[in-house]
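Before anything else, here is the set of structures, which you'll find just below.
You will see subunit A twice below: alongside subunit B first, and alongside subunit C after that.
This part shows the complex of A and B:
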């Protein structure tokens, strides 16, 4: 009896294993076919995908160029002068932006031995939303003209063409005993979208 | 029938290359000559994907020194409805600030002309973070890699050079659990001068995520003719007042004016649909006596 039982058990077990093997093979075959089908579908359709990303670029396209100045003689550059600084902001057309400019109070020699006063008046900046990039040809009504660079308008936007320019003038005031040499300073322009 | 054009699939590496080329094309259109370009303009991360990335590209002819730092600053407004962003590097008290637990890598790089660098962000949020959205600003600073001092053209003369340092502050949003974006209209205050109609729209976010959408504003004259239309990208994090102005020929000639407001989460093109949390819509109109 024990042997018969053992034989029956083994036979049933074997049959079940065989059945499971068949099912497994069937499932495996099905998966392979599906995978092959999927691959074939990929090949047949063919895809070229690219993700379009919104961008924001801030650049300086022209520096505020005072050139050579002389002891005791101040030098002023208006924001509509060809030597004015030009900043370019490129991004999503008509989007609201925050513009903040950190301006120096003086420029200094590289070794720090002397410094020279630089000032920016409340009319030393313009924001050109037409994005012309030329301070001498900014059209009236194309943004904000002669505004305070310490406090840019909250209504500033990137122009309809995707570009806005900032024109910046300024004034350096060398003293009568100003040390000759090359003076440097930093202007920091920060831009952020206000609508995201 | 499979044609030769159908019988290929672009590998992911090449897809990224094409995305890069697309950015380069945008650059050419935008005529960017110096500075760096940052994309995208909002970084999204969540509890399942605790990493994010931005691409920084130097399209100029000069090397650029680029630094990345985390800051904080939400669009906020004054009582006159002027919207601005105040960047805070320290002393941040907003409980929704993610500034301290999101780190960028790398933080400093020298980008050669035409070079592109991916900056990755890793979030290590505190345990038991309450469901909602948490925010930080990614500040990308660029300046010329090598600053050359000008030589005065004459002995005893003085010259100046100003280093232009550009900063781009983009938003980073980390999302935890369920998100609700909802905005409430508190009030609409309209006023007028002879040639200008001003409206201040007062809004509050009442969800646990920022409300992002569009604000459409229309002004009609007494004959129901539309005489002014303004559209704004809208992002409400806590409270926000937004001032809208309409120039008019003469107030008396067209009065009484009516103002229509429509706020909708639909229509944003700068944020992929998969990242937008659909908030509520608001429609409102009023007569300006």
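This part shows the complex of A and C:
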């Protein structure tokens, strides 16, 4: 009777041991699989970077001012005259820019009752990369002098100091019966980076 | 009992015989100076500017490659739009990989790519395009590119 009890106890103990062993092995297997799957993947993080340069800004510093003109007598302002138009462009130093001017064919009275011809020759503009802003003191070699305002050079740049000026002259041709009064017209300057 | 031991041993061996692959970032995607209003593209062939990753692991093993790509770079409260075209990625599995003439070219970084590691692993490159606005505020902009690789088991 005692032997039978002992046999039963041993059998149960052995079964429990096997069960625990099985569970342990299953847990171990699970951990190995998890470890394997975790190692089978890797992640790297890179970056995209960019530095945006200064935005272009254009302003009209001085108007092309012909002052008083006489009926039937044309008047010319050179681009190196104190009355020449001055535009100021600021942006990233030494960067290439495209320059386009929309030039008027006429100036007109405010009420539109009369208009006067204005013309621009192929040497009426200068591009001053020193950014002095004074058309009378532009130094030779500091940009482009006496160029065509209808076709600015592709090599134009913002000056090393971050500023470039454009000086513009022109000519008005009043008729002999030109109505007296103040005439105005818009000169529109558009500038864009070339990306160079 | 024996069967369980065999399974565990096999899994252990599988783990030992299949070492992890590792990714190394060799180069970020660097656009450098960008002009407002002018899109700038860095091609995958651009040495030193295109993003470059290297994957090391078991030679001959097949891996899946997946990018998580940004759509904007951020900086100072402003964004720059980014575009990755479906030909902006390339891969070379040769021992001496060539960025300018890669073995597998014009790959789509938006899809999961599957390739086998070469004897020296695998190198991949990524180009992209930044599109700043005309009035884009100046300054530094950054974005994160995440690359995930995993063995396929094949």
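The working rule: the second predicted complex is superposed on the first by the 142 of 196 C-alpha atoms of A that agree within 3 Å, B and C clash if a C-alpha of one lies under 4 Å from a C-alpha of the other, contacts with A are read in each partner's own complex, and residues count from 1 in each chain.
The rule we apply is simple: contacts are C-beta pairs under 8 Å (C-beta built on N, C-alpha and C of every residue); 3 or more make two chains touch, one makes a residue touch a chain.
All figures in this text were calculated on a predicted structure; none of them were measured in a lab.
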Inquiry  = With both complexes overlaid on chain A, does A:66 touch subunit B (first), subunit C (second), both or neither?
reply    = first
Request  = Name the contact category of A:195: first (subunit B only), second (subunit C only), both, or neither.
outcome  = both
Query = Who contacts more of subunit A, subunit B or subunit C?
reply = B
Message = Output check: A:113 vs subunit B and subunit C. Expected answer is one of first, second, both, neither. What do you get?
response = neither
Key: Doubly contacted subunit A residues - partners subunit C and subunit B   = 42-56, 92, 95, 192-195
Note = Per the touch rule, the subunit C residues reaching subunit A in their complex are 1, 4-5, 7-8, 11-12, 14-15, 18-25, 27-38, 40, 51, 53, 55, 70, 73, 75, 80, 82, 128, 130, 132, 134-151
Of all residues in subunit B, those that touch subunit A in their complex = 2, 5-10, 15, 18-19, 22-23, 26-27, 29-42, 55, 59-60, 73, 75, 77, 82-85, 87, 137, 139, 142, 147, 149-171, 212, 231-235, 243, 269-272
Remark   = Seen from subunit A, its contact residues with subunit B in the complex are 42-61, 63-64, 66-71, 85, 87-88, 90-92, 94-96, 98, 100, 104, 107, 110, 116, 118, 133, 153-155, 162-163, 172, 174, 178-196
Task = Show which residues of subunit A lie in contact with subunit C when the two form their complex.
result = 18, 21-22, 25-26, 28-29, 32-33, 35-36, 39-56, 92, 95, 192-195
